[in-house]
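By written order: A, B, C and D. Residues from 1 in each chain.
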């Protein structure tokens, strides 16, 4: 019984990390239809930003979060302005271009920071565990779960409750008409891309105490995050959240029953079947196309 | 027996009844015009016949076979062709290639694998001549003007040589001369083909229609020759909203 | 900050001429017009996932080469390092190894960390009868006549470790490793030792290379309550494992992780606090107290930065270059070929940072196994040091097979 | 004969001359240099295979590496059995596999191996294709499903160590003997074997793109729905091109194993699969020859750059990819096409300018047709 409870918590914890990474991707994909393969590298940049702030300025991760967000968001903004913006009418080409961008970012970090694995210290206040009977939950993981929900709520509010969100939705539905009403679609896109990148940065900073910070850390993450987005449904935040939980829990369950490798294979197979029968995802948006 | 029999057709789009109990027949060699106000379900009816949309209930029989559950390519193989409202030619292919795709007597893979792409050039030439595009055979279709694109699509329908052709607003955006020429082609087509035409241009309808079906809110409102329709009170009410 | 030049051209061929049209098609030999230099290849990944470790091996080997050159070279000839970056990809290893061995006519190539990359390099090495100096601990069961193995094989790492662990912590072992041949083979050998010394395996599991979420593994460990976590997790997987193990507040005093792969590099990324209290078995730790090691650590730090660490693979990458040099010195300068170097190297002793090492006739190395406990400062305190130099038995787990100077012998 | 077919045949002829005569001559018939080049040629085949599904039919298959890997492993299994003689392949011993698994047994036969290297990828590609295309999955979703399949497949290969050799792959292979000829990978004849295969693959590709089949695929790429209304079974067309593309990838994989003398699960990695896409994009996905040339050029460039800039070559490749995608989306093939057109117009204009003043003094419309 305890094993199952602990495993459910492990699944939730994985889900929260997946969600943190996938959220920015979901927003970018939903708004612009861009498959951003450089997203993993945004996560990596966030981790390195957290490392730099901690090593050179002595910031704890939590204090560093807003700065990390701004730093990675501005990198995202520049990339959108210089490269991605030119490719909106060629969605398959964005896959290639953003992959190239990913290589470039990875190599730049390697050249200027080094190939070795970097150490980032977790926040003191969040060390330790909460124990409820046989259920043992790491405080830091609880924090990440809560934080990811907060980010989800904030993003949702931004998309539905603000003027910016209203404009964005207008642009998503019909760019030409929105522009006729004086909404600058280009501008909206840049900000959205930057926001998505910033979220990835936060995700990167938050996972540093759990994972290892190296230039290639983002490569593996992006595929998983993408599957979350597709399973969730085009640009649906709720869908991304549900898909994260589903995939996180399924991974936890299968890895308990089988092992981590077979668990991952089973989850991938499940995702393939799901996409086949629900290509629009769990929560298809009914506003677009 | 009628070539096409539509019986008690219904289709729902998430609660909206786009077609609601529609029945009509079309005879071989006839030109039938579908009329009706916007949203009456005319295009949806064509979609249902060609298989783009699946009916909720009801049946469609073509030459005696029930086709209402068949996939669209199977219906096309049985002899149903379709022209869409928005001209849909292959803009990245040349005019001749468009015709070659359209000429689909043998749509199987083996046939396609053993032919060069423009092997039906000899068949294509007279058709192009008929629509006045013979000089542009090797032009990329994307470079054609709007009118030429319409002609190309008509040429493609001729090349496809379906026994039943469904046309959605074939004259939209055409000049008066072009419309007249289209009407002429339609009349000549109807000797060997059946046509169902959705059209708003009443003068065009007057020239080509053998029979007219007027639709309103997804159901048939009236049916008959042009004279009968023009004097029908229900039709007037529906159009003028009295 | 980064210490290497960004766009460093290598070799005598200038950038412009190398990229000019005719030269573009044919890969111009960099060995041309080099007079009396001795070309040696360095084949360590500087990019990609394995670069985390291999770049340190590269640094150590290059440092040794430059030290030798600064001291006048061998027979008055300089060693000329030819550097390739195989980018952590086995196919690229094979391709670059061909370049070094065939085109550049290197008499020896130093390289690589993973088993997969070694095996990618093997076909061309054996076909060209070249010599490949491989500094990494590995799973054994290989007996190539063209590879100089500088790292430990299972018997060198485990023979003293396992009885010691059973005695100090208990007999119940939980095996966790990455899913490839090295962990499986180490575990196979471990099981024979456990049987001999009265231990048992409570669970054995493998995670994919690069796996980073160990929540399920940790839950299982918590449920099984083993005495020892016997870990063969490598690279960033190990970093993630150690950090999450620490975050889960599992006590190293009750359930220590005893690793065959965790070195100073990983510990630096794990953080001393999370690594503290756990153990590694290795022939070398950075704190080893020999004059050779003091020199090695000092010059490594002054060259690459005070925050850099040395570890048991970079140490081997370093001393293997000196073994190479010693072998060259025994040779007639007119007769330097990979095979004569190999023959001259057999039986050589050398004062390495870990102590005096010897090259066995099976081309593996006699080493000084140690067990170290990690401290909060990122260094290991040696708990147990082997009294004797331990001979390499790459087929220790397999009765009736022995690796000798003539290759594998059955029965 | 259409001008496009003429143009392609001409390009094939030039390419053949360069590959068969030019390259070996420039490299002085040196076995090592040609061995390196043979690797590029093998990769050219897999790039070409992708051009068939991506360029012709618009199906971006990010799982191309999986079918490539199948071919590569088929060949490696045969050569491993040959190297092991009567004994069990060594890695099976490490994994405590007691006897030769059933699936390995038929690979004793070279004929079976060659067939399997083509048909197994084709079969698996066909299954995935049917699975997707029956449900009318298109565009980005094809890319995602094939990508997920690739990741899962690679995991399976790594997991099944007893059968596949796991992470290390299959190493320690014997040389291939083909009809009594023992293939030496450092011999010029081996280069010609691979070059011959590439030429054959290009011929197949050219035939397909110029057949009516290729035309229908292009029609499907542009508007699959419209094509259905002409009576074409779109799913079948897509499935067949997927099979052919997978078979060619498998073929390339077999050659790749011969060149490198081992098979590794990294041949089935996401980054390798994306690299194939990049080669194809650089060369130009609209033309099979261009796609093959793209693979050769990128790999040549990679080899060259990594020689000169040990530290920066990966970075430069990344920058080049981004630039290519941004500024020459249709690859070198498109670029050359555009240049050709521009040159044609230019010379038209010039001819008009030179010729016309003599005939007619007044200015006339020059050759600026749209």
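We adopt the following convention: a contact is a pair of C-beta atoms (placed from the backbone, for glycine too) under 8 Å apart; a residue touches a chain by one contact, two chains touch by 3 or more.
No experiment lies behind these values; they were computed from the predicted model shown.
Chain centroids computed from C-alpha atoms place D closest to the centre of all protein C-alpha atoms shown.
Chain geometry summary: the mean Cα position of subunit A and that of subunit C are 36 Å apart. For the pair subunit A and subunit B, the distance between C-alpha centroids works out to 48 Å. With centres set at the average Cα position, the gap from subunit B to subunit C is 73 Å.
Multi-chain contact residues of subunit C (touching two or more other chains): 4, 6, 46-47, 179, 208. With touch defined as above, residues shared between interfaces to two or more other chains in subunit D number as follows: 155, 158-159, 311-312, 314.
Listed for subunit A are residues 107, 111, 219, 261, 264, each touching two or more other chains.
Which chains touch which is summed up as A-C, A-D, B-D, C-D. Of all residues in subunit C, those touching subunit D in their complex are 4-11, 13, 15, 18-19, 22, 24-27, 30, 46-47, 83-85, 87, 89-91, 94-96, 98-99, 102-103, 115-116, 119-120, 122-124, 127, 139, 141, 179-181, 184-185, 188, 208-209. Considering their complex, residues 33, 35, 37, 83, 86-87, 90-93, 95-97, 99-104, 106-108, 111, 219, 223, 226-227, 230, 261-262, 264-265, 268-269, 271-272, 275-277, 279 of subunit A touch subunit D. Of all residues in subunit D, only 2, 208, 210-216, 218-219, 222-223, 225-234, 236-237, 240, 370 touch subunit B in the complex they form.
Contact residues on subunit A toward subunit C in their complex (touch as defined above): 2-3, 6-7, 9-11, 13-14, 17, 107, 110-119, 121-122, 127-129, 136, 138, 140-141, 209-217, 219-220, 252, 255-256, 259-261, 263-264. Interface residues of subunit D facing subunit C in the complex, by the touch rule stated above, are 23, 26-28, 32-33, 35-36, 39, 90-91, 94-96, 155, 158-159, 161, 166-169, 171-173, 186, 256, 260-262, 264, 266-267, 300, 303-304, 306-314.
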